[in-house]
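Two complexes come next, and they have one chain in common, subunit A, joined by subunit B in the first and subunit C in the second.
Now for the complex of A and B:
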């Protein structure tokens, strides 16, 4: 068992509400992606999860229990910016980690940095940004953790090494490790994550299984019989998040039962009705766009 | 024989559905024979760099549909009793039916009548499935 539960987390810095009532459940062995624009509250959420920032309100639980000193033996964290001592070599960082964590496997760490082309004899100050990231990743993964919290674990890496990190994540998940990671590279989240949460301005705006979100959320388009055709019925439909109408062209952003909506649109006599798939990037943009709170009719100039 | 699969994670089609479709296609075309072993969930997840639970979900659905069978500790195999092929071929018919449905709906919404649709269908049949000598 290695579940993570965040419930009603809230964290303010002065008047700025960085995280506002966020609840996320992550079952054992899940790779969970956290997405959001810059400043959405991802890093603050991680810091609260690790006790690096005090929660303003709400609870964080690992296997149902709050964070305790013994939990740190089971959690590995890769921060957004590598934390390494400039004057120490990579191997010396491994030695330091070995002394701090019982399960740290030095051989595995050396093998992992080797995969990324990092020489363990090099001092941290001589490493490129990507190599620093790789070193942090190697240290975290060589600890055989039950929980992995990864804040932008591929930053500065080339595409081949980014893919290596994703495969390491996948490998850990098959071992039963529970992984929460953030990335601005939506394509990576789309591959590796089973579930995602999207944060915006500290609030959770969308949560679900990636495959289910893709199956449910589609664009349904069609050409209405006339310019003044009423679309109020669609605007009132809870399954439709957004209605865009420009002259006779109608574009519906559907969040549930897209095929059903397409049939309904067809039944109005609309022509050229089609259902357009959305990928995670489209879904992300849709979720963080300023005016998706409810059905909106946008009457463009025609 | 290793199965060759490609998924497009950036597509709007759920990855587990892409996997199901490709495995059914491989079985229907005989690329994967009855009794053949599938890669483990972990192996396929790493080969394609996709989430392992997504692969597991595809395998579960394929098992439910009677295309593969999984025995704990041994792995997943294409069903050897011919049922897999029948199911996979039926799945092929389903795909074709859905494509026809979409095409006819599109034709109707563009104002084409029964006669015009029949003509297109006949031309398409002549091109791709001509009657034998």
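Now for the complex of A and C:
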């Protein structure tokens, strides 16, 4: 068992509430994506989870136990900013990790940095941003941890290496590792994560299995007969979670009976009415961007 | 756990060894260039032109020569080569000396004046403990180089604080590695001093209880100096180098200002006591940096060594503890 449990987490920096009452349960062997716009509280959540920042309230548990120094034998963390010791070589970073942790496969670490094109003899100060990230990723994966916490693990990497990191994440999960990662690349999260949580202004606005979130919601869209067509009827419909109107174009985020809603929209004289599957980007934008320019939005009316 | 700190210490010791090695080579060159001064009759110039040799006889390990100086003084010199020189001066110069019963010792060199003679020795016993204590300032410089390990970690708390070790224990390991490094550097310097000395004379090394106490005070003083930096900087994420740089002139000036009394006026006494209190928390204020200063003008440096040891140990503990408490409150 390697479950991460975050319960009613709260963290404030002065008057600014960075994380507000966030609760997440991450089951064993799950790849869990944490999404949110900049400043949503993702990194702060990670820091609180690892004791790098003091929680204002709430509990963090790994397999039901609070974080203790010994827990770090089972946790590997890749921070958003690659924090290597500039004066040390990559190989010396491996040695540092080998001395600090009971489990660290130096051979695998060398192999991994080799895949990313990093020379272990190079000093950290001579590495590019992407190479630094790759080194941190290699160190984390070579530890074969039970919990992997990755904050933007593909930041600065080229598309090929981004793909490699994603493959590593998926492989680790098949080994039984519980992985929590954040990324601005929603496509990557969609590819790797089984469950996601979306944070917005420190609050958890959406959480669930990616497949369920996609299945639960559909987009019904069409072109309205006129610009001033009233959408109030749709906004009042409990089956519709969100109404976006931009000029004559209407997009309805539907949680139940999308075909029925499509028929209703067609009956209003709207043209080109169709039912579209949501992708994670739609879900994300729907959750975090209620206001778009020149659009009439009715958010969460139901 | 403190592998990175150990690498820093190792690098510092390597650089120091290279510098000391270069200085030793210079000492070798100097020794070779003054080789003639160390041959037979090396004291002739000291005794003066016109002195005549009265007698020369072999003694174990060297020769004993009696000189009659032009002014009537008799100088008996026992030269044992690398073992050093001892001598006795008698005659009108000694009789004319105003101050009697003087004893001056600077390291292995000593001179004792009595009513009737002046004895001198060039290679007396060297108390290793005392010699070590003379290296305190050098130790403080190394402590400055290694200072602020916690502040250095603040840039990488994501790495430092995700190791499977309690933070207090981790910080203590960093302190420990650095203190060992400072003592090792002082020992290196000590060895270098003795090696350089050996080029000229074979040292007679001893270790007295007093010397050991002075050595201990030296180590604790360097530890307190190091810990003071930890207390000042452990909460900082950047800019701690400037604080460390400023600390030296401040730490050296404050004890000096505390000695100023401005004639005992109210302002003078206020000035004196203000800086006296400030200098009480300055580890460098307890160091006797010059043997030429009369004891009553040495301020805190004049207090007895056991008390000095206690005060410096207390300062080291308080500073180290304060640094630790601040560091535990830092957030990544």
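Operating definition for what follows: the second predicted complex is superposed on the first by the 245 of 302 C-alpha atoms of A that agree within 3 Å, B and C clash if a C-alpha of one lies under 4 Å from a C-alpha of the other, contacts with A are read in each partner's own complex, and residues count from 1 in each chain.
What we mean here is this: a residue touches a chain if its C-beta (ideal position, glycine included) is under 8 Å from a C-beta of that chain, and two chains touch if they have at least 3 such contacts.
For clarity, every value in this text was computed on a predicted model and none was experimentally measured.
J.: Quick one: subunit B and subunit C on subunit A, clash or fit?
T.: They fit: once the shared chain is superposed, the two partners occupy separate space.
J.: Should A:174 be classified as contacting the first partner (subunit B), the second (subunit C), both, or neither?
T.: After superposition on chain A, A:174 lies in contact with subunit B alone.
J.: In the superposed arrangement, does A:16 touch subunit B (first), subunit C (second), both or neither?
T.: Neither partner.
J.: Considering only touches as defined above, state whether A:77 meets subunit B (first), subunit C (second), both or neither.
T.: Only subunit C is touched by A:77; subunit B is not.
J.: Please tell me which partner, subunit B or subunit C, touches more residues of subunit A.
T.: More residues of subunit A are touched by B.
J.: Quick check on the superposed pair: does A:100 touch subunit B, subunit C, both, or neither? Answer first, second, both or neither.
T.: In the superposed model, A:100 contacts subunit C only, not subunit B.
J.: Does subunit B (first) or subunit C (second) touch A:279, or do both, or does neither?
T.: Touch partner of A:279: subunit B, not subunit C.
J.: Quick check for you: in the superposed arrangement, does A:211 touch first (subunit B), second (subunit C), both or neither?
T.: Touch status of A:211: first partner only.
J.: In the superposed arrangement, which partner chain does A:266 touch: subunit B (first), subunit C (second), both, or neither?
T.: So A:266 only meets subunit B here.
J.: Measuring by CA atoms in the overlay, how small does the subunit B-subunit C distance get, in Å?
T.: Minimum over all C-alpha pairs of subunit B and subunit C: 27 Å.
J.: Under the definition above, what is the set of subunit A residues touching subunit B in their complex?
T.: Where subunit A meets subunit B, its residues are 29-31, 163, 166-167, 170-171, 173-174, 187, 190-194, 210-212, 214-215, 218, 222, 266, 270-274, 276-282.
J.: Would you mind writing out the residues of subunit C in touch with subunit A in their complex?
T.: 1, 3-4, 7, 155-159, 161-167, 331-332
J.: Write out the stretch or stretches of subunit B touching subunit A in their complex.
T.: 9-17, 41-42, 45-46, 49-54, 57, 105-106, 109-111
J.: Considering only the defined contacts, which subunit A positions touch subunit C in the complex?
T.: Those residues of subunit A that touch subunit C are 47, 50-54, 69-73, 75, 77, 79, 81, 83-85, 88, 92, 95-96, 99-102.
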